[in-house]
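Which chain is which? They are A, B, C and D, in the order written, and residues in each are numbered from 1.
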Amino acid sequence: MTGRSGFNFLELAAVNESAAFNRMADFEVVSTGDGYAEIGMAWRDDFTQYVGHLHAGLIAALLDTACGFAAATVVGAVTASHFSMNCLRPATGRHFLAKGTMLRAGRRQIFARAELFAGDEEGEMLLVATGETVLVPTGA
Amino acid sequence: MTGRSGFNFLELAAVNESAAFNRMADFEVVSTGDGYAEIGMAWRDDFTQYVGHLHAGLIAALLDTACGFAAATVVGAVTASHFSMNCLRPATGRHFLAKGTMLRAGRRQIFARAELFAGDEEGEMLLVATGETVLVPTGA
Amino acid sequence: MTGRSGFNFLELAAVNESAAFNRMADFEVVSTGDGYAEIGMAWRDDFTQYVGHLHAGLIAALLDTACGFAAATVVGAVTASHFSMNCLRPATGRHFLAKGTMLRAGRRQIFARAELFAGDEEGEMLLVATGETVLVPTGA
Amino acid sequence: MTGRSGFNFLELAAVNESAAFNRMADFEVVSTGDGYAEIGMAWRDDFTQYVGHLHAGLIAALLDTACGFAAATVVGAVTASHFSMNCLRPATGRHFLAKGTMLRAGRRQIFARAELFAGDEEGEMLLVATGETVLVPTGA
């Protein structure tokens, strides 16, 4: 329908490696599917805000990346023009997993949303934030 | 009205220093006023996304911090439960300045919005993104 | 956890009847569950925008009501301080169904999201918009 | 830059008249400028939610229309793909005025934001809500 071709797991891992911030933050492409992507990150003491929780910028980065990569599995390279998130609980834990799902790929805009889970020592995952994006294809 | 006391410039500079991510990203409290705050950051090559623009996570971090600090000048410590942003143009430049304004301080929620400007070599500042937050007082 | 008691189906139907706009628009509480609510509305020719699709105000009203009623099943009376929506497709059809889900009930804020489906003559339902809210308990 | 031509006051008043919902709600185009539009509406007892304030759907409709018409003064016909709003205070009053401002007209997306004011008997106007949109040109 869109005439654009999506990225597979290896291509998205390469895109992830090509982004300096993603490398610096050690973002990992955990899994991808058709309109779906999971991005993982381990806890980092230097990524906290003033009370010691994960900084809003990192919550946003994880949710936005999961949305963008979910869309990229269907339409290739995209960039977000709108991003929003709700922070349901303090973002603390041993590691984080953002699960992105594409909702709709239009000709000019793609819609995706994501959920961010924080995992503790026992491996229990708790939903800490949700996000959604409006993306535009970049043709890259 | 709220019975809470706001932070002055020096107190906000100390809050900024107390946040590990803000130190790592070299965020600077440029100025503060009554319900107003400006946060600056110099360009960093390691903060880019895959096409070399400033990463959405950093755009969010700057806008969110400007909103939170603007609110903190009036009500003290806050944390964002909702954040949203629109990316109007590619975020590139020599340095960035986020200007936050508090719109309303209710008893349970505070509303603020911010604008992110990118500056080039000639010092010209261009609006690249806007953001808004819903904040709750943390009583810290 | 919250110490507040939620509304059941009959109570929500009564809340729906007590709202003048909901009566005027013929909103119907279709079903409710624990943290879940469905709101239905038939197509109305006088609810269109300038190209003949359902007006954004009605899309918002349906999504916002589904979010609020989903939350009300758990925490009772609420009001939205933040609402956002993405319009995935033109909102046309014979009838509309908004499905709201509560994501998290904190002490001061409740988070919910909703999906709006449009149904055609064959009864096929198509996702046309998504929305999310930040709500505060009103204690009513 | 965009190659599209904007609507003037009379053309926007005609667009407003062509929308069934805007007619039903008695929306009025109060003024327009370059990237700017004001939409007015008188209080209506049948537009309330369950505690008697203006319904969120009407708040959204006013903010969304002000954003869209502000953009239309520059680029012509548009439709919103994303809308969000923050409700700062209960929306009550004798009449309402939504002031929309276009922030940026890109080739594929236009960004606008709006503020909703409620006026009392003395003519005092109070900011009750803010909103923002991502719009796409419809070429109509």
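What we mean here is this: contacts are C-beta pairs under 8 Å (C-beta built on N, C-alpha and C of every residue); 3 or more make two chains touch, one makes a residue touch a chain.
All of these numbers come straight from a predicted model, not from anything done at the bench.
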Message = Let me spell it out: compute each chain's centre from its C-alpha atoms, then which one is farthest from chain D's centre?
response = A
Task = Count the C-beta pairs in contact for C-D and for B-D, then report the pair with the higher count.
result = C-D
Task = Can you check how far apart chain A and chain D are, centre to centre, with Cα atoms defining each centre and the answer in Å?
result = 33
Remark   = Chain-centre distance (mean CA atoms) for chain B and chain D, in whole Å, is 27
Note = Distance in whole angstrom between the CA centres of chain C and chain D is 22
Query = Could you say which residues in chain B touch two or more other chains, in rising order?
reply = 81-82, 84, 86, 111, 134
Inquiry  = Is the chain-to-chain touch network here best called a line, a ring, a star, complete, or other?
reply    = complete
Ask   = Which part of chain B faces chain A closely enough to touch in the complex?
value = 15-16, 18-25, 45-51, 55-58, 60-62, 64-65, 77, 79-87, 138, 140
Task = Write out the stretch or stretches of chain A touching chain D in their complex.
result = 81-82, 84, 108-109, 111, 134, 136
Ask   = Along chain B, where are the residues that touch chain D in the complex?
value = 84, 86, 88-89, 103-104, 106, 111, 113, 127, 130, 132, 134
